[in-house]
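In what follows, a single structure is set out as structure tokens and then discussed.
Chain lettering (A, B, C and D) follows the sequence in which the chains are written, and residue indices restart at 1 in each chain.
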Amino acid sequence: MDRVKELVMSVEDKVIEYRRSFHKYPEPGWTEFRTASVVVDTLQNLGYEVRYGKDAVTKEDMMGVPSDEELAVFMERAVSQGANPEIVKNMEGGLTGVIAELKCGEGPTFAFRFDMDSNDIDEAKDDKHRPYREGFSSVNEKAMHACGHDGHTAMGLGLAEVLSNMKDDIKGTIRLIFQPGEEGVRGARAMVSAGAVDGVDYIIGAHIGFQSKKVGDIICGTEGFLATTKLDIKFKGIPAHAAAAPEEGRNALLAAATTAINLHAITRHGKGTSRINVGILNAGQGRNVIPPNAILKIETRGLTSEIDDFMHESARRVVEGAAKMYDVDYDIKIVGGTKSGYSSPEMIQIIKEVAQEMDYFKNITENSDFGAAEDYSHFMSIVQQNGGIGTYLQIGANMTAGHHDFYFDFDESVLASGVELMTRTALKVLG
Amino acid sequence: MDRVKELVMSVEDKVIEYRRSFHKYPEPGWTEFRTASVVVDTLQNLGYEVRYGKDAVTKEDMMGVPSDEELAVFMERAVSQGANPEIVKNMEGGLTGVIAELKCGEGPTFAFRFDMDSNDIDEAKDDKHRPYREGFSSVNEKAMHACGHDGHTAMGLGLAEVLSNMKDDIKGTIRLIFQPGEEGVRGARAMVSAGAVDGVDYIIGAHIGFQSKKVGDIICGTEGFLATTKLDIKFKGIPAHAAAAPEEGRNALLAAATTAINLHAITRHGKGTSRINVGILNAGQGRNVIPPNAILKIETRGLTSEIDDFMHESARRVVEGAAKMYDVDYDIKIVGGTKSGYSSPEMIQIIKEVAQEMDYFKNITENSDFGAAEDYSHFMSIVQQNGGIGTYLQIGANMTAGHHDFYFDFDESVLASGVELMTRTALKVLG
Amino acid sequence: MDRVKELVMSVEDKVIEYRRSFHKYPEPGWTEFRTASVVVDTLQNLGYEVRYGKDAVTKEDMMGVPSDEELAVFMERAVSQGANPEIVKNMEGGLTGVIAELKCGEGPTFAFRFDMDSNDIDEAKDDKHRPYREGFSSVNEKAMHACGHDGHTAMGLGLAEVLSNMKDDIKGTIRLIFQPGEEGVRGARAMVSAGAVDGVDYIIGAHIGFQSKKVGDIICGTEGFLATTKLDIKFKGIPAHAAAAPEEGRNALLAAATTAINLHAITRHGKGTSRINVGILNAGQGRNVIPPNAILKIETRGLTSEIDDFMHESARRVVEGAAKMYDVDYDIKIVGGTKSGYSSPEMIQIIKEVAQEMDYFKNITENSDFGAAEDYSHFMSIVQQNGGIGTYLQIGANMTAGHHDFYFDFDESVLASGVELMTRTALKVLG
Amino acid sequence: MDRVKELVMSVEDKVIEYRRSFHKYPEPGWTEFRTASVVVDTLQNLGYEVRYGKDAVTKEDMMGVPSDEELAVFMERAVSQGANPEIVKNMEGGLTGVIAELKCGEGPTFAFRFDMDSNDIDEAKDDKHRPYREGFSSVNEKAMHACGHDGHTAMGLGLAEVLSNMKDDIKGTIRLIFQPGEEGVRGARAMVSAGAVDGVDYIIGAHIGFQSKKVGDIICGTEGFLATTKLDIKFKGIPAHAAAAPEEGRNALLAAATTAINLHAITRHGKGTSRINVGILNAGQGRNVIPPNAILKIETRGLTSEIDDFMHESARRVVEGAAKMYDVDYDIKIVGGTKSGYSSPEMIQIIKEVAQEMDYFKNITENSDFGAAEDYSHFMSIVQQNGGIGTYLQIGANMTAGHHDFYFDFDESVLASGVELMTRTALKVLG
């Protein structure tokens, strides 16, 4: 057994413990106060240089953030569930991202991205569900780690510890990025603009599950991350009595309805996949009142960021046109969004070689088509744009239910194997 | 002072007491269990033949009825607020209409219509609001008599007592109709089909306020009652992931949006005023889900029932067409509606003469254009269709705020004057 | 027999001759070169002060004018059919309106309006059709006097002659207005802005037929002229291959389609009748090309000019909004329009009295509801706005077919009776 | 020089002559009477078994066929331009497809497809355009061979002659398919259902130009033929006066407009490229008439026939729904359509080997993505479905202008090389 394996085995129990603790106290996007406070504390103790709060997240680029009132409640809860109050205070406003660096002399910078946020669902309370049975299921209402981010964050802490013990074997800089708000692709932009991937030469993101089903499966690269933009659109008109003086109203409902249809009528794109969806439309106050209010929650997607931009800009024109038609005011708010992306072939090869050296992986696939959005692609595409390379791994984990299902759970042996894979990759590149 | 005046004065205090009691315990449409129980009890004691429950309301023609669960709660509350439990039991299902007859020998039948339901708003809790100050403001949440129906019902009971004392002066039949669900024009249809106006030769409905502003004002007739139909429309589609497999969804939101626009595009009518309004549209489940659900709350109106029928039938075609377009299921439910109408000129003259004989009325107007819907026009138009005549009075009442305002109150002297006017009219016609 | 009757009888044959000559050479809106040339010549010979061409029509206010190329063809034809070439030259650009004055000393100004243009249909060539049988049916393709304007213009010339012979009996000014482009309500605006009704105290317009069916019927006044605006809307986009690069196109057809629907969805108006119609929509170039072009021909109407303005302004917003939505250019051109109106009650009484004095009229009606547009109401409403009074007569004429039917003809005895009525009215007012 | 080369060289001049003659007398889809008559005559003389008229085309499967009156004119013209009258008579109704077989003993069947129809444009009349300069430009109005089908048909006749001289070297059957109506993808379906590809084991189609630009370039296979369906949609309503009685109309224009928008709003497809285009919309009769008529010319496309079917069926539902909405009748006519397809890898290899053996081709590409529709894919996909293989070649030809440009011309040396390539391929497979 080599040194890496030894070190990994030495942290495995702790990693599982972290995961279960995060699982028990899940925190949705921009409210990861307890989670991030644990991350900051742990990494500082391990000797990392840690930036967080306003040094890790640019306020004006945060998307889909809860109101200040809601955030205050979450901050309080975090402290009551064990968070360091001082650290939490520095994260006021939802600035829950963390960037940590281990500088190990001259050499390239290798970044690892971990996501920390939970989903907005209630966890199964059922003895056939292990987290419930074993007492680490969610104690927070309407919140559950049903996508595996608890595991990802735990892996990040395990990796941090192993690498801090191998500092001498590394020539270059290790950078660990813990991001809030991956769900809804809301967090990467604000961390990128705070410099999270400045100077990064290599980047890895990993997700358990997805197309990689069983323990022992690994997919070394991913393509077809769709770029996406999430928009909340509001129309504001004027109410009026629908029988007596309808002409005195300004009809926000009709502005919203014609927006919905014409958004879907935006042309297909000749250069690749495009998507648009009006997921929610709510309008009106009463049956006999000209409706003065409407809200639409929509998203655009594109095979490339260029195509998503085309959809997004076309959508804005439709909204503006509908507002003009019905003489109502409008407001468009970007509440989420990320860039398209694909793994770098060289990076895929590196991962493939590392995976082949490990016993754990039996079924190694080079690449898969994602066909959806992941906030990670925002980090990766910026790294690539600046001349770096990166990939996104999918690691099989014997999931007990699909992602975002309230029975979601996974085989925790995957956590140590992930730490090992990342450690070996860092050493291969910076060793 | 004549006998009528004497009798009216003798009941005035009781009428005001009734009004305040109804005001304190307001009950919205189809839940007038306590109110109707008081009406039934009182009229039976006065010697009227009383039909109520299923003898006064045809279940299948009731529109916009709360669910059985909700009704059960309201029944219980009514009993706790003093209703006769046996009578309430007979009204199970919301059958809260009451029809009472005083047969006074051979002669025509003269009907009076009173509405009993309250509005769905919270009453002002403020010392400048007399009902609150004097302790008879609403004790029921989300319910308030803000349109004067409490006064109407009280007048009905006063009229009943006065007439029962003048039985010998009358040749014919007095019929008193107490209707539920006037708000939303939901109740008349089910009472008409239970025979409420069968054999009626004369009919009067009265409303305090409206265009008749001050105490002493009276408008003897009304034209331009718009016919109206209230519809709830549901679309049911199939959800699907908006990025991965949108073609597997059936989009109820787009069906609703195209319905909304094309409803408003229904042609104007060459024969008179038409209206349509989509007051509320709610659709969708999540931003990235093809929306499988939608509901629209709409209403049509027409200067004549024929025009309203045209709008209603056109609306149905639009809904059916939109469902076909988007391959979704639909359901259309009539939740309200009434016929158009205008007062009979002969009846207006009778009222005018009676009003002129009374001291109370200083400012007598023959007719006014209503421009809105009142469930009463359903009763009246059927009476007229069968050869009878009728009118709708508006009696000035120094209202303290507009109808449906939570500061609504009125000068209670109007109640006795209304009783007197109706008594004199009955005597003039049947005397 | 009085002097008026004698004079009228002396011109009757000439008036019928005029009518048949105009009938044979019908000229559609803005191309009445021959007709107007005859009018100018005749009135000048009768001693009237005649303004025409640019002195009677303001070029920039002309609506729905044919192209210069088309006008040139019509001018040439007019000359070949007997028009005075010099006069025609002065009407270049379609300036075919004529204003003539007979000044008879101090006194008010009394204006009479006559319309000269024909319809765009082919006349019946059939022996049962008198104009064909008797050789005075249209010799111009796609043109026919099927609305009676030939008769109106002939009456105008007859009236001119009779009045010129009664100059000494008149105190004031007679003004005769011969307008082009009544069909499509395109001509009045440009004559009003050239001063056609400046200083007018009384105005009369008359039409044979309409609701006044038979010889001997007369309707002395008219209300319910709808205000109207006629618009041509063009969208200009960019073509692209619909399969290879649809995103490079700008879709004018979809802009037009969404315009059409949303125009019809403009709200009803609480203050009275409104109308909108997209009568024609043509768009596109080929099945597989993103359509870069679209045209809509629409009209708005309103019971009042205020309501028509509301519709017109709302329509412009819809067009602008649709253009914004689809990123296309647009152009809106007013090609017709007139104001709403109603006859002045005093003027109706004057006409009624005059009609009663004449043997000819057996069935005299005071007023009727028009429910459509007539360019005359533009003249009349301006006169009324400036303090004058006016009316619009409908004179029964035993029409052989409906207006705008290719079998349209009428009883020519109506012409002399019209001349007589107008003469007597002028004398009654200015005598 | 081998025998194939010798034979090809011996027919080269004749092939060029054929091409120029077809170029001079271009005939659009289903009117290829002269062209097909030359083909029939020539092949019969070469000893082929020839089926044509109703034996080669199934009438009820023809799409987008001109009217009988139009066809009669084209038949007459064909005869006047040298067609065999007897053959033309057998093609009455536009049955201009030809299938010819050369049976050379036991063995597989190898089919070659050639398209004969021209485009609907006027050819450049300009000395810089060689066909005009050299006197073989189109003499038929609104018709020009601007896509190279003249060359394809000429190649087919050259191939026929060369193969008929090599009968003894072949074991199997040669089948030549000359199809009408490739433009608009209207012809293949009717020939397939007449048995054109029954029993075919190998099939080749070739096109000059496209992505293969220069003489010496060849692309041996093609994928990404989009399936497509071309539809003409008509709505029939009822006209009415738009001001007086709009409710009596049935508005076909609004049905068409809502169809257009909702067609474009049909969802994207998760399994690949989809397209829809409303290329043309014409509706209405007059500005003030409720429009009773509308026509839309549309097309759907899909990466697979399954996706095109999804679009086509969704489109039908939209049309049906719009007709229901506006209470109008509708008619949907399929006027074109073809299946998706991709070349068989084995067949690509065969072509590649043959091309490498020839001096002519310098730049050999295996495959290209077509991204558009070709009627050939209908033939090929049926052959593949029945177990055969096939490919579609693109042969560089130094085009002087893009396909469908009125300056289109090409280097005629490509014709002999095409004949040679096809001959050698036939020999390689059946030799």
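Criterion: contacts are C-beta pairs under 8 Å (C-beta built on N, C-alpha and C of every residue); 3 or more make two chains touch, one makes a residue touch a chain.
These figures come from a predicted structure and were not determined experimentally.
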(request) Tally the contacting C-beta pairs at the B-C interface and at the A-B interface, and name the larger one. (result) A-B
(request) Tell me, please, which chain's centre (mean of its C-alpha atoms) is farthest from the centre of chain C? (result) A
(request) Averaging only over C-alpha atoms, locate the centres of chain A and chain B and give their separation in whole Å. (result) 55
(request) Could you tell me the distance, in whole angstrom, between the mean C-alpha positions of chain B and chain C? (result) 51
(request) Name the residues of chain A that each touch 2 or more other chains. (result) 243-244, 246, 254, 258, 261-262, 264-265, 267-268, 270, 275, 290
(request) Using the touch definition up top, name the residues of chain A that touch chain D in the complex. (result) 261-262, 264-265, 267-268, 270, 273-276
(request) Within their complex, state which residues of chain A touch chain C. (result) 243-249, 251, 254, 258, 261-262, 265, 267-271, 290, 310, 314, 317-318, 320-327
(message) Quick check: in the complex, which residue numbers of chain C touch chain D?
(response) 184, 226, 228, 230, 242-244, 246, 253-254, 256-258, 260-261, 264, 275, 277-291, 294, 297-299, 301, 371-373
